[in-house]
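Look at the two complexes coming up: chain A is in both, with chain B in one and chain C in the other.
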Partner chain A sequence: MKHAAIFFHYISQYMKTRLTYRVDMLMEIMSDLLFQAVNLIFILVVFGHTQLLSGWSRDEIIFIYGFFLVPFAIFGAFFNIWDFNERYIVKGEMDRILTRPVHSLFQIILERMELESLFGMITGLAVMIYAGSRLDLSISWYDPFVFLIMVIGGAFVYAGIFVLLASISFWSDSRTSIIPMMYNIGNYGRYPVDIYNKVIRFILTWILPFAFVGVYPSAYFLGREDWYGYAFLTPVVGFAFFALSVFVWNIGVTKYRGAGN
Partner chain B sequence: MNNDHVIHVENLRKDFKSHSSRPGLKGAFRDLFNRNYSIISAVKDLSFDVKQGEMVGYIGENGAGKSTSIKMLTGILTPTNGEVMVNGMNPHKEREKFVRSIGVVFGQRSQLWWDIAVQESFKLLKKVYNVSDEDYDRHMNHVIESLDIGPLLDKPVRKLSLGQRMRCELAAALLHNPPLLFLDEPTIGLDVLVKLKIRNFLKEMNEKYKTTILLTTHDLTDIEALCDRVIMLDEGQIIYDGALKKLRSNWGEGKQIEFQFAEQQTKETLSPLLDELDSEWSEGKRKNVWVANVVNDENVISEVIGRVVAAHRITDIKIHEVSTEEIIRNIYEEGVIHGQIH
Partner chain C sequence: MAKYIEMIRIRFLMMLAYRTNYYSGILIYSINIGAYYFLWSAIYGDKGEIEGLSVVQMTTYIAVAWMARAFYFNNIDREIAQEIKEGKVAVEFIRPYHYLTMKTMQGLGEGIFRLGFFSVPGMVIVSLIFPISFSATLSTWLFFMVSIIFSFIVNTQINLLTGVLTFFFFNNDGLIRAKRVVIDLFSGLLLPISFYPGWAQNFMDFLPFQAISYIPSMIFTDGFTQPEIWDALMFQVVWALLLIIPIQLLWVAAKKQLIVQGG
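On to the complex of A and B.
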């Protein structure tokens, strides 16, 4: 309850800050929407050339891509921690975080949120509706709720992996290029994993479970019953990974060395 | 443990593991596989207690372990060894509950949000600390008035001057009216008027709420104005813990008599004058100036002046008291105080 109150207070503060720079905000929204539109066209053009990919039709692949964009947008809005090492460890901002009576990770999420990323959800939904209508998918009354759970699960998978990576900074504050690399690996989750070799598929399922952000949950909506087991594991894997990452984070905080003065 | 101790520290220790790189390309390759680690103790077996309502000056040179020990007291760092109890809690173990009972100001680091107005920052902190409206109004109206920051409240932090910002930082740290306040270099870079304002305010808080204050600073005038007690650190250990007055009387008991002679003098010509007086000559900064370092005793002072004036012609004479800064510099140069610690 207290966390929710703080969360909404931060959001309103965030809005206020953005509103003080009215022109900037308008420009930013415009450019975000434009970017998403270009993205949408790009997706349709690129996938226009594919027809069938090991048993997946063009529209199915587009649908998976569209679904992926939704949890990814939520992740982008709230887990901007790719520069955690630089910003909080090297510059010592973590000191300030640790003198406040709220969980440190929660504070960083609140401080670093970028709500503009949520526009990506619109693109994702548009792509899904486009592909879904061509595939003639039937929607039952509970599907929106399943969708919500799958999206949250997928966003938690992403969040878990990146929080784990950020936690490394507590042990070693040297710069690594692991985070940009991970963004690349994350992209593999946008495509059906059975097009990859077995080892990569195993990695994307159990080690860096990016497949739970795109292809597995989408399989449920595409009616691919042989994949349902994986599909329903999405929220479980999401919560498990996120819980693990918070656990490691908490240990990391006790190893924090502080910035040298 | 005594209950009226706000801070209780026993054998507190913090080690940092650091790796030293070998020289050259070959060394860099070897480092890749087998690193040389060395353990550096930033804080070694620190023990002290602070009672409620005390204002303690925490001093030491850079790297003496001030910051590290303060970070352990505020729950930011986990101690390697030893016991810390602050406000009856273990800072790093119950961090979220513990930090409600302290206020922290780091002079070089802002607690406020850069882009939003000061009062919006206060509102956010009020939410974070879960302070009720009544408590906030009762306490903060007074704080805002004493620090004279009313007119600054609707300005964004980035538009404030350093002095204005510092006063707002202080107000932010006191928003939840903590019984214990940690101030790390709160007056760094501030002009004299702002410094005075902040000192008066701290004194007032201390009197009104019995707020305990632990203060680190490079500016000893802050300590002289506020603190009765000083803790001096060197190389991670306490080298003096006691009253500032005692430090002065033990160490500042000497006086310096500065003579400007009309003719050139050497140590040889002057030395006989101080026979049996337990005093010493040192050369002054200007030409023909010599300083006699004597004990603070009226007979000795009169005797020295009498002998010098009788023997040589002088053009000027000044008597100086030893400043706190000099005392502290002397202590650091000598390491430990004449075996008179505590």
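On to the complex of A and C.
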């Protein structure tokens, strides 16, 4: 209860600060939208030249992209910890975090929220509805619930990977470029993994499981039964990775020595 | 002139001091090139060529487009916006140089650094991993070099435009981000312009963006015939000259309405 109350307090504070620069906020939402449109345009243009991509049709690829946007939006809104090393470790801000009464990771999530990312969910849903209606997908009564679980699983996959990477900073505070690299690797998950070679497919499934954010869960909704096994693993992998990352984070916090200052 | 060359030198040395950051940059670009390589291989399937480009040419196109990006890309729009916000720009105004020229030279220093320490080694590494064909004709290389100089000029001019707009908007991070996305799409970095449907191509002929990535990359992959190359270079030159006009106009207007928020 206490956590929820703090969460909503932070949200209302956040809204106030953002609404001070309305034009800029609008521009940011627009540029996010533009960014999502670019990827969509890419798919549309490419399918002007081919019918199938390794056996996947245009609308299926669009559907996968639409699905991907939803967990990615949630991740972007709450796990904005790509600059954790610089902001919290190097500048010593972590000292302040540790004096706060809630869990350190939760506190950081609260401080680094970027709620305008959530607009990506709307785009994602719209894209999915567009592609889904063209594919004549049938929806059962339980599908919305499956969707919810898959989305949470996918967001946790992303969150898990990035929290793990942020935790590295507790041991080594030298600057690395692993995190921007990871954003680029994440893009691989937006397309069916069978277009990649075996090694990359294995990595995307078990080591950096970005495939569980896009293709695998989408395969369930697209009725690709041979992929159902992977599809249903989505929440398992998501929770496992997130749990692992929180575990590593907690160990990391005990190793934190402060920047001295 | 000497002071501007000094600017290039200083920025180059500054970048040199932080060169380790760049090795990971090469890896990031390689990851991107890899993603598009697999994607395009799947798109080509068993097609021999699409829009006159074979799959090897396409891979080369992507590789060179990304590696050339390391040369023409810079953050001077962000830097200008930052200096305006912090009020530092007031001091810049009284210094004995033209602020925008100085920014361009800093960008050039960065570009030259990345060309030597990023693009060239990056291209070598990428060519070991992916099937990439290098042109054997000397003229292709010469045209390419001329062409990337102009892609630097056009891209920098667009950056100056967005940067100077901060004088009027005060906080334009959103615009800067939007500009970056537009350039990625319309410059031909992600998709060769010739892949777009006809109406979109006609529309883009009226915009400067393809001068940034599409033209040098097509020259490099031998995707253009000789007359097409001349046309394309003319396109770059014309835009490089045309863009001076709005920059000058905005600059004059900006100086008049400068508000220093701090500093």
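Just so it is clear, the second predicted complex is superposed on the first by the 229 of 261 C-alpha atoms of A that agree within 3 Å, B and C clash if a C-alpha of one lies under 4 Å from a C-alpha of the other, contacts with A are read in each partner's own complex, and residues count from 1 in each chain.
Rule of thumb we're sticking to: a contact is a pair of C-beta atoms (placed from the backbone, for glycine too) under 8 Å apart; a residue touches a chain by one contact, two chains touch by 3 or more.
None of these values were measured; they are calculated from a predicted model.
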item	value
Chain touching more of chain A, residue-wise (chain B, chain C)	C
Which of chain B and chain C A:I139 touches, first, second, both or neither	neither
Partner chain in contact with A:L148 - chain B first, chain C second, else both or neither	neither
First (chain B), second (chain C), both or neither touched by A:I129	neither
Chain B versus chain C as contact partner of A:V38, first or second or both or neither	second
Touching partner for A:V46 - first (chain B), second (chain C), both, neither	second
Touching partner for A:L115 - first (chain B), second (chain C), both, neither	neither
Touched partner set for A:Q13, first chain B, second chain C, both or neither	first
Partner chain(s) touched by A:V23 [first = chain B, second = chain C, both, neither]	second
Which superposed partner A:R96 touches (first chain B, second chain C, both, neither)	first
Of chain A, residues touching chain C in the complex	21, 23-28, 30-31, 34-35, 38, 41-42, 45-46, 48-50, 52-54, 175-178, 180-181, 184-185, 187-188, 191, 195-197, 200
Footprint of chain A on chain C - complex, ascending	21, 24-25, 27-28, 31-32, 34-35, 38-39, 41-45, 47, 50-51, 169, 171-175, 177-178, 181-182, 184-185, 190-191, 195-197
Residues of chain B that touch chain A when the two form their complex	16, 62, 67-68, 71, 74-78, 92, 95-97, 99-100, 102, 104, 106, 108-111, 113, 115-116, 120, 123-124, 127-130
Complex contacts: residues of chain A adjacent to chain B	2, 5-6, 9-10, 13, 16-17, 20, 92-96, 98-103, 254-258, 261
